[in-house]
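What follows is chain A paired twice: with chain B in the first complex and chain C in the second.
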Partner chain A sequence: MIVDRRFRLAALLCGWILIFLAAPFFLSRYYLYLIGLILTTGLLATSLNMVLGFGGMYQFHHSVFYGVGAYSFALVSMKSGLPPVAGYVAAPVMAALASLIIGLITIRLSKLYFGMLQLSLGSLVWAIVYRWYSFTGGDDGLHGINIPEAIASTRGVYYFTLVVTIVCLWLMFRMVNSPFGRIFQGIRDNPERTEAIGVNVKSHQLVGQVIAGTFAGIAGALFVTLEGSVFPDLLFWTLSLELIIMCLLGGWYVFFGPMLGAAIIVVLRTFVGIYTEYWTSVLGIVLMLLIYFLPQGILGYFQRRQLSEEP
Partner chain B sequence: MAGVKPLMLEVINVNKTFDGFQAVSDVRLRVEKGQVVAVIGPNGAGKTTLFDLITGQLAPDSGRILFQGEDITGRKPHLIFRKGISRSYQIVNIFHRLTVFENVQIAVLSFQKKSFHWYGAARKMAGAETRAILKSVGLADKADQISGFLSHGDQKVLEIAIALGNEPQLLILDEPTAGMSPEETGHSLTLLKRLCADHGSTILFCEHDMGMVFSFAHEIMVMQQGKTIVQSTPAEVRSDPRVQAAYLGGADECSG
Partner chain C sequence: MDVTAQITVSSLLQQILIGLSRTTILFIVASGLSLVLGVLRIPNVAHGSLYMIGAFLTYTVASVNGLGSAGFWIALMAAPIGVAAISFFIERGLLCHLYERDHLMLLLFTFAFTLVFSDAVKLIWGSDYRSFSPPDFLQGAFAFGTFSFPRYNLFLLALGPLVALGLWWLTNRTKIGKIARAAAVDREMVGAIGINVSWVFAFVFVIGCFLAGLGGALVAPTQNITQGMDHTIIIEAFLIVIIGGLGNIWGALLGALIFGLTDAVGILIIPQFAIVLPYAAVVIVLSIRPKGLLKSVW
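Let's look at the complex of A and B:
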């Protein structure tokens, strides 16, 4: 029964990958961009869910690490004179560093206090980026960032985003199902008991946070590749809130939940945004319906139904 | 390793105060290797606090705790667990979203120092050890169930199974049969007796069910208002006038 479920999941994923690989042959440029945006945002939401859904940590300001990754990539490729590849190394490294520094300060606190302190420290980073005109471009951001020749075409960007996303998701999937991931889920369910079975909870949480931050940094570099520009909104707290909603919407105890949540939110924002500028009110209604009717998220609901059907 | 028999655990004049309330006061306790020792006392006597002090959830204000002759006073819980002390809890304290198998597997993985392995699939690791523990406590057929949906009795047994994950030298059980039906209590008692017979486990436990205490324990330590009244054999404890005055007179009120 478990083998069967694993086989079904693998078949489903292969099907999706084939659809994504074939997409450039029948979709217009705009839709390719949209899929790229969904993949990038989904990767970001999945990285958040590593600590939120699988670690039970109140990661309230995850977009900071996304923004740090994006700005690192942009600044390295614009100002350093190094080859563009250096940007792709700098993004995850700087994001990991940022999550290590913020993590070292916040990890001593638990639950809500952890989240609130992270929110304030993250806002501090945002304020620096927002004000430091000479370096970060302030509220204008940075534009016209060079993308390596090889992937600069529409299809090039699309396939690059697709491959990086798939590789990152695969790595994260392995981590969630590794001994580390198993123990991380134990910490989520019951930190006191996890400590009582010989686990140093704080150091696991710190490592988990750095992993999540690193993948967020990669997502940041992908966003710049896709968009060609960065702006301070990337590390504003409202984006962090949206990411949490994506995780809840798709199902935060299911690995692919945040990816689905990201797809729904990005599509909603894009198409509702055409008709009204108050698209956040639509988001609010979605959130209310979600909390009342699908507290486990969409995939969580289906997973639960599937589990109860099987003997 | 003082004395005639090797000492597993020695608690020497330990004190713990919460905001001026003396929860544990000059407590003394000795557990020899292979011995089953029960701690009894009315509600609020400080039994759980004493266990928290031994396993490191709380740090004592003064006094010393020795495990196999080594001072472990005030160490962190995860370090004490690695030394070989394991415990179960009075209130069910499991990983309720994980399966029964995963609950025990986490403890085994932690004991095998694999908690930082982030490559390789966890489902392929520690399987034999985990299944052996589940089999010995009688939960093997429920291995794939989500632990949060188990009956209370099964969850209490799972508590003990998690605690067995580090092949403990000293097993501390905080009211292992609390809230169980008489049938389940009997089943648990059989299980614990078998653990002792098979592995020669050293067990320290507290329990309100006097039938279980007097039929299982080699020695009984009686606590009242945070103090040790006496530690002795069941027969001597039963006839001790101080114990009768302080505690056993009210034993009928304490249902299991």
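Let's look at the complex of A and C:
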């Protein structure tokens, strides 16, 4: 039965990958951009979910690491004189560094205190980016960022985004199912007992946060590749809460939940935005309904139903 | 040389006084947030939106033609009451069914209100910023030699301690305040002795949101009333509550003082990055005392 389920999952994933690979041959430029945005946002939400859903940490300001990655890429590409490829190294490294520094300060606290302190430190980073006109462009952000010529076409960007996303998802999937990932879930379910069997809870949480921050940084570099610009909203706290909504919507105990949640939110925003300028209240109402009626998320709901059907 | 020293001292003093009047607003908003966090255990993100709505309501009521300067005083009463009424319906209608959920869910649920309220404000008041002046006798400044101080800020300075005393009286000297404090510690026990805890919670929530509205009403004449003013105040209020100790009113006062004063001094020293100083203070305080300066009810 289990083998059968794994086989089905693998078949499903291969099918999806084939569809994504073939997409440029029958979709227009705009839809390719949209898929790229979904993949990037989904990667970001999945990286958040590693600590939020699988680690049980109140990661309230994940988008800071996304923004740090995006700005690192942009600044290396525009101001360092190095080839743009260097940006793809700088983004995850700087994001990892940021998550290490913020993590070292916040990790001693737990739950709400942890989340709130992270929110405030992240807001500090945002404020600096927002004010530092000469370096970060202030509230205008930076535009016209060069990306490597090898991927500079629409298809090039699309395939690059796709490959990076798949590789990152695969890495994260392996991590969640590794011994480290299992310990992480143990900490989520019962920190005291996990501590009692000899696990250093805080250092695991710190490592988990740095890993999640690194992947967020990669997502940030992808966003710049896709968009060609950065702006301070990338690390504003409302984006972080939107990411949490994505995880909740897809189901945060399921690995692919955040990806689905991100896809739904990005598509909704794009198409609701055509009809009304009041998109945020639509999101608010969706969120309220979700908390009332579907707190385990869409994939969580189906997983639970499937589990109860099987003997 | 003497002259420069004098100017620096007097400008520092002036900046500190202005910082203190900003502290008043921060304290009023943060104490409401702290009350709700302490008793109901709800991290109410919508608190900032209620502050913004309070400011917009004050603008609308105060600029009704024919009221003159009395309009401001009416607005100062009406806006917080309006905000309290909104919060009453939120609490009784939706929030009261969710008390058993964990904090993350409650935080997200109140964030949903933030999203809806920001659109509601855009719909009602539009995207432009608004501003208006305080009544005549609160305009202008007192001057003592080189030292001058806006009257409205003096008014705020006088009001802060009054609100603090009122809150202290409410939570320590009234029956419902005592019940609320007891419910914060042990909800079930208070229910078991025959008190309707749900309505006590509603009362506390409304009082907390009233304070958000009051903060918004008081800040309205001093700055531009804009979309997005909710986003900064809520982070500041959460910080103040955390460094003070969750749920502790005096902690909120202490936190607001630290935040307001470091901010004011920061504007003198490093104008462009003044905002860094209060955040740095928060980090220092929390690395010494991770659970805040004063005792938390949590």
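Here is the rule we go by: the second predicted complex is superposed on the first by the 311 of 311 C-alpha atoms of A that agree within 3 Å, B and C clash if a C-alpha of one lies under 4 Å from a C-alpha of the other, contacts with A are read in each partner's own complex, and residues count from 1 in each chain.
Operating definition for what follows: a contact is a pair of C-beta atoms (placed from the backbone, for glycine too) under 8 Å apart; a residue touches a chain by one contact, two chains touch by 3 or more.
Since the model is a prediction, treat every value here as computed from it, not as a measurement.
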Q: Tell me which partner A:Arg193 touches in the superposition: chain B (first), chain C (second), both or neither.
A: first
Q.
Comparing chain B against chain C, which has contacts with more of the residues in chain A?
A. C
Q.
Let me test your reading of the model: by the given contact rule, A:Glu149 touches which partner, first (chain B), second (chain C), both or neither?
A. neither
(Q) With both complexes superposed on chain A, which partner does A:Asp4 reach: first (chain B), second (chain C), both or neither? (A) neither
Q: Over in the complex, which chain C residues touch chain A? Could you list them?
A: 43, 45, 94, 97-98, 101, 103-105, 107-109, 111-116, 118-120, 122-123, 231, 235, 238-239, 242, 246, 272-273, 275-276, 279, 282-283, 286-287, 290-291
Q) Where on chain A is chain B touching in the complex? A) 2, 174-175, 177-183, 185-186, 188-190, 192-201, 204, 207, 211, 253, 307
Q | In the complex, chain A residues that touch chain C | A | 58, 60, 105, 108-109, 111-113, 116-117, 119-121, 123-124, 127-128, 131-132, 236-238, 241, 244-245, 248, 277-278, 280-281, 283-285, 287-288, 291-292, 295
Q | chain A-touching residues of chain B, taken from the complex the two chains share | A | 55, 57, 76-79, 81-82, 86-87, 89, 93-98, 102, 105-107, 109-111, 114-123, 125, 144, 146, 162-163, 165-166
